[in-house]
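In the two complexes below, chain A is the common chain; its partner is chain B in one and chain C in the other.
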Partner chain A sequence: MQRRTVLIAILALLLLVPPAADAQKPIKVGFPMPLSGPAALYGDPALKGAQLFVEEINAKGGVLGRKIELLARDSKANADEAVRVSRELILKENVDFLVGTLTSAEGPAVSVVAKENKVVFIAPIPKTDQLTAPDKLHPYIFRVAATTTMEGRSIAEIVAKWNVKRIATISFDYAYGQDVTRAFVEHIKRIKPGVEIVDQQWPKLGEADYTPFINAQMAKKPDAVFSSIWGGHFLTFSKQAKPLGYFDAIKYNLIGAGEIASPEATKAMGAEYPVGVWGNSYDAFYWQDAPPAHRDYTARLSKFLKDDAPSSWSIQTYMAMQFLVEAIKKAGSTDSDKVAKALLGLTVDTPHGKLTIRAKDHQANRGQLYGQTARDPKYPFAIMKPMTYVDPTKFMD
Partner chain B sequence: MPDLAFLFGQSLSGLTAAMFLFLVASGLSLIFGVLGVLNFAHGSFYMLGAYTTYQIVQWLGRDPGSFWWAALGAAVSIAILGGLIERFLFRHLYGADVLYQLLFTYALVLILSDAAKVLWGTGQLSVSRPPGLTGAFKLWGTFIPYYNLFVLLLGPTIALLFWLLLTRTRNGRLIRAAALDREMLGALGVNVDRLYTGVFVVGSFLAGLGGALIAPVKAVVPGMDVEIIVEAFIVVVIGGLGSFWGTMLGALVYGQVLAFGILIFPRFSIFSVFALMAVVLILRPWGLLGRPLKS
Partner chain C sequence: MSGLRRIPWALVLVVAALFVPALGSRFYTFVATDVAILALFAVSLNLLLGYTGLVSFGHAAYFGIGAYATGILMKKAGIPFLLAFPAAGVLAGLFALVFGFFCVRLTKIYFAMLTLAFAQIVWAICFKWNDVTGGEQGMPEIPYPDLAWMERLPLAGQLRTSDHFYLLTVVLVAACLWVLRRIVGSPFGRILTTIRENPERAEFIGVNVRRFELIAFVIAGAFAGLAGGLFGIFNRGVFPDFVYWSKSSEVLIMTILGGIGYFYGPAVGALVLLVLNQQITSYTQYWPFILGTILIVLLFAFPSGIVGALDAAARRLARPRRA
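Up next, the complex of A and B:
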C-alpha cells in the first residue's frame, strides 16, 4: 500500500470512531444576553455571574466528567435579535442548553425557540408573568427570577405594614409596569381592605419629563407611592421629583419595584439618591444576616469582578447555572428531555439559601431583598438598612 | 375641580419642558431653513452636549462654578464639532437627493451614539444642579425649582437674542437671504460656504447648550439622542419647518398639550401630542407659522 492510501485509511477510521470521545467534549450552554446598548449595564454583570460559576465547576472537573462551555451572544435587549442568536446557537453551535435573556420582551421570544427545538431554557432575569403563564408553559422553559406577581405582592406585603391609607402608583405604560402594578394593587386591596388607590400615573417608557405626572400625583395627596420606574429612569424621576417637594409630601413613603435600591443604582445616583425611599435588589454585597454561603459567594464574586462592591445582577445567572448543572447531575445525562424532568421540583442550595423550582409552573420560589435606603458611613452611597429577604413562597399563587 | 395652584404648577412644568425643546428645535429648524438639510444628528449633538458637560464637571471637581463652565465649554465644543462636520462632510451633500441627506445624517446618529458609548460607557451618569439653584420656592401653592425658573428665563432670552441676530445684524440678513436664494447671494459676492458653516455652528451650539442644561434634571444615558430628535421634530412640524417663531410656538404648544393631556388621557400621555401633530399636518401641512412650500 502506498503511504497516501494508509493516511486516507487512518483518516477515514478516525471519522468512524464512535461518539465515545463525546464524553470528553464540553457541554455547551448558549447564553443570549444584552451585551451592548443601555441594557448592557445589567447584561455584563449577568454574564460575569455565569462565567464565575462555569470557572468554579470546571475547576472541580465539570459535571458528568465533562467541562461546561459558555457561548455568550449579544441579544441587544431586542426580542428579534435574541431569537436570531438563540437559533444560531442551537443550529450552528449545537448548544445543549440555553440560559439567558434580560428583558421581558426577550424571555418569552426565546422560550418559543426553546420549545421548537426541544432545548431546556432557564431564564434568570425576565419577570413577566407571561413567560410561565399556563398557555405559554412548555416542558423546556424554567425561570429562577421572581415574577411580576411575586414582586408586586412582596411590595404589597411591606406596604400593608405601613400606617398609610391613600396610595398612588406611578409606572411605565408597558407590560412590566402594568403587570407589576396590577399585582401590587390587587394584593394590597386583598390584605388591607382599608386602603384606597387615589391616583395612577402612566408615563411612557423612558419618559424624559416627569414633572407633569409628579404634579398631578401630588394634587391627589397620597400618603404613599408604589413606583416601578426602574434602573436609570429612577434617577431622572427623582432628580425632577425632589425639588418639587414630592418626597417630602409623601414623607419618603415611596417603594420602588425594579431594583432601585440595588448597589448599582444607589452608586450611580450618588448624592442625588432620595435616601429614605424603599426599594429592592436581587442581591447586596453588604447583606449582614445572609446565609453563610452568601458571604463566601460575595468574596469570590468580588475577586472575579475585581470590585469591592460587586454587582447584584450576577447572582441571577449564577443560580440559573447552578440549577442547570444540578439537573444534569440528577438526570445523569445532557439530554434536554431528561434534564427538563430533573428540573421539576429540584431544590438547589444557592448562595441565597435553598430554592426550589415548582413542578406545576416551572417557577423558582425566588424572593428579593427589600429595605429602606439609608446612608452608612462605611459606604459612599446609600444602602438598604434594615434589609429583609422577602420569601414569596406563601403568595406565589 | 382641579384647583388653580395645581393648574398653575402643571402649566409651568409644560413651559419648562417647552424651553428645553425650543433650544434644541430652534437649531434644527434654523439649519433646515437655511441649509435645506434635515439634520437627524442634531439630537446626537444634544446628547454629546450632556455627556461633555458631565465630563467637564468631573475634570473641574468640586469647584462651585464648575457646572457653568462645563455648560459653556460643552456648548462651544459641540459648536466646533458641528462646524467641522459641516465643513468636511455636509458640504458635499448640498443639492444631493433628500434621501441621501437623510441617510447620511442617520449614519451620523449611529456613529456618534456608538462613539459616546465607547467614551462614556452605557451606564447612567448624573450631573448635579449648580449650587444656589438646587432648591425650590413656593408660589401660589406650588413648588417651583430655582433651576426651572432659570430655564424659564433663559429660554425667552435666547429666543430674543437669536431673533435680534437674525433681524438686526448684517449676518442675520445674509442668513435670511441665503434661505431664500443661495445662488443669487453667491452671485452678489457673499461667501455662502462660510455663511453655511456659521449657521451650522450656531445650530450645533444651541443643541449642545440644550444638552448641557438638561443634564442636571435628567440622567445622562445612551438613547437621549433619539428621544429628543423625535420630540424636536414634532415641535418643528407643528410650528412650521424653518420658521423661527413657529418653533417657539410649537414648543409651547407641545409642552402644554403634554402637561394637560395626561389629565385627560392618563393612559395615553404621548397620544395627545401625536394627535395634535396629525391634526396640524392635515389642516396646515406647512405648520402653524410656516409658509406653504412652493410647488
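Up next, the complex of A and C:
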C-alpha cells in the first residue's frame, strides 16, 4: 500500500507540466551557467550580475515595452551539459536569446547550438580565441570577455616596462594555458626584442605537486615569470613555491593571467597570498580612479549581493545583458537576425566606460584591470595597488 | 492475460516511437532521441551488471570511444555514417577486449576499480590529445548523416533533419536491443546468468568463467560504443565529459533505478532519470538536492527498480481476479 502511494507520487512528479503562459509575453533570455560544483564559485556571481541588470531594466519598464525574463540553467561546467540545457532552453522554453557559459569548453559548444538554431548568443566569460576565430565565426555569436590573445598581450605590455631580460613561463598544459602563453611570448618578443624566454613549464591542469616544476624553473634563473595558473590552483602553487624560495628568487616579478588578483582570489588565500606578485581581475570594488558609472554600479551590486566587497565576476554578465538590451532597442525587434545585425559595431556605455563590439570579429574591446598586489590596512586581504585598466584596442588584431 | 502477453509489445512501442515527430514539437523529438540512445547505453551496461554480475564503474569509456570514433571519422575524414557508425562499435569492442583482458582477472570491488582506472586513462587521453580529440574543448559540429533520402518516404517528407535523425536512431536502437535480447536469451546468456549466480560452481562444471566474462565485456562495450556514436551526432559535438567517471555513474544509476533484473529495466531508468533531470533543473537551481532526495526515496522504495515495482504491482492486481 505504502509503495503504491510512493508510486503515484512519482508518477505525478513525472507529468510534464508546461510552465504557465505569461500574458505579458516577456523577452526570454536563456542563461546556461555553472551553478553547482566548484565552478559555481564564479557562476553564481555571474548569474547575480545578469539578475541585477534585469531587475534594473524591468523597473524602468523593460525594453520595447516588454519585460526581460532570465531563465538560468545549471551547465555543470561541462560542455556536454551546456549543450543539453541550451537546446532545452531553445526547444522547450522558446528563449529569444542566449547569454552565458563560463569555461572555454562550454562557450564554443553552445556557439554551435546558437548557429544551428539561429539564436543570438553573447558569451560573457569564455576567453578562448577559438570562439570567434574566423573559421568558427557565425552571425549569431558575440563576446564581451577578453580573448586569450588580448590577455596574453596585455600582460606582455606590462612586462615590457619591467627591467627584466630572462623570462620564464608556467602554465597548465591545455587549451587556455597554451593559447594565453603563446600570445604572451609572441607579443613580448615583438615589442621588446631583447628578452629571452629561458624556461617553459607545463604542469597538467589541476596538478597537485608543483615542486619539480618550481625547482626546474628556478635552476634556469629567470628574472620574471609569466603564469597562467588560474583561480584556486594558484593557491596550491604559491603554497608550495613560497617555502622553496621561488618568489624571493624572482623578486616577486611574477605576473599571473586568470584573475589571480581578483578580490575573490585574494580573499580565498587570505594571509597565504604571495603579496607583491602581479595579477588581473575583471573588476575591483575598490577601484579608486574608476569612471563615475563604476562607483554607482558597485554600490548597486553591493546592495543587491548584500556584500561590502562584491564579486568581480558579475560585471561580465551585466555588460553582456547591457549589449543585448541596447541591440534589441536599436533593432526595434527581438528577431535574432535583426538583433545580430544591430550588435555589429554597437557601442555601449558600461560601468567600465564605452565598449564596442567590432563588426569584424564580433569581439568587444574589453580590457581588464592589472596591478601589483599589496596589503591595505582597510581590507583583510590583498588588493591591487597601483592598478590600471589595460585597454586592448591598440593591440587587437 | 495470456492474450495481452501475445502482443509483441516491444514492436508496438517501436512503431509508436516512430510517430513522436508527428506531434510536431521539436522538444519531444529532442527528449525522445536522448532517451532512446541512453536506453541502449544503459541496457548494454546491464549485460554486465544484471546478467553477468560484474559491476563496471567505467562503462562511459566505451560510450566515449564510440562517440569519438564516429565523430572523428565523419567530421575529419568525411566518412559516411554507414561506415562510421559500425566503426564505433568495432573500436569500442576492441578497447573493451584489451581493457577487459585485465579486468576479468580481478573480482568484485577490484574489478570495479580497474574498470574505473581504464576509463580515467581514456578520459585523460581525450582531454589532452588536442590534435585528434580537440582536448578540453572537444569536437563541436559533428555533421548529421546524409538523410535526404528520407524525404521520399511517405509521411516523413515534411520533417526536419533532427526528426530524420530521430527516426534513424529509433530503428538502430531497436535493432541493437533486439540483438542484445537474443544474446541474453541464448544458451550463452544462460551461462552468463550461471556465472552471476555462482562463479565457483560454473567453473566447476567446466565453464571458462574468465573467457565468458571477457566476451560479455566486449559485447557490452561494443553496444555502448554504438550508443556513443549516435549520441555524438545527436549532441552536435563530442566532449571529454562523455568519458568522465560521472557519466559512468549516471548510467549505473539509470540501470539500477530501472531494475537490473529486467531486460528493459535500464531503458525505463534512462527515461525516468532524464525526465526528472530535465524537469527539476528547469524549476530550481537547487536541483542536486531535490534529485538526490528523489533518487534515495526511489531506491529505498523500489529495491528491485522501477520495473520491478511495476511488475510486483501488476502481479498483485492480477491475483485477486484469478482467485
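Criterion: the second predicted complex is superposed on the first by the 374 of 397 C-alpha atoms of A that agree within 3 Å, B and C clash if a C-alpha of one lies under 4 Å from a C-alpha of the other, contacts with A are read in each partner's own complex, and residues count from 1 in each chain.
Throughout what follows, contacts are C-beta pairs under 8 Å (C-beta built on N, C-alpha and C of every residue); 3 or more make two chains touch, one makes a residue touch a chain.
Quick caveat: nothing in here was measured; it's all calculated off a predicted structure.
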Worksheet item: Should A:A59 be classified as contacting the first partner (chain B), the second (chain C), both, or neither?
Response: neither
Fill in: Partner chain in contact with A:R84 - chain B first, chain C second, else both or neither
second
Worksheet item: Between chain B (first) and chain C (second), which, if any, makes contact with A:Q130: first, second, both or neither?
Response: second
Discussion item. One more residue to check, A:T236. First (chain B), second (chain C), both or neither?
Written reply: first
Discussion item. A:D173 in the overlay: touching chain B, chain C, both, or neither? Say first, second, both or neither.
Written reply: both
Discussion item. Which partner chains sit in contact with A:G270 here, chain B, chain C, both or neither? Use first/second/both/neither.
Written reply: first
Worksheet item: Residue overlap on chain A between the chain B contact set and the chain C contact set?
Response: 36, 173, 204
Worksheet entry | Footprint of chain C on chain A - complex, ascending | 2-4, 6-7, 10, 13-14, 16, 19, 35-36, 71-74, 78-81, 83-85, 87-88, 91-93, 104-105, 108-109, 111-113, 116, 128, 130, 173-176, 178, 204-205
Response to the item:
The residues of chain A that touch chain B in their complex are 36-41, 173, 200-204, 206-209, 211-213, 215-216, 219, 231-233, 235-236, 239-240, 243-245, 268-272
Practice prompt. Within their complex, state which residues of chain B touch chain A.
Written response: 2-3, 6, 9-10, 13-14, 16-17, 117, 122-126, 128-129, 134-136, 142-143, 145-148, 216-219, 221-224, 227-228, 231, 258-260, 262-263, 266-267, 269-270
Worksheet item: How about chain C: which of its residues touch chain A in the complex?
Response: 25-27, 30, 34, 127-128, 130, 135-138, 140-141, 235-237, 239, 241-242, 244, 272, 275-276, 278-279, 281-282, 285, 287-288, 294, 297-298, 301-302, 309-310, 313
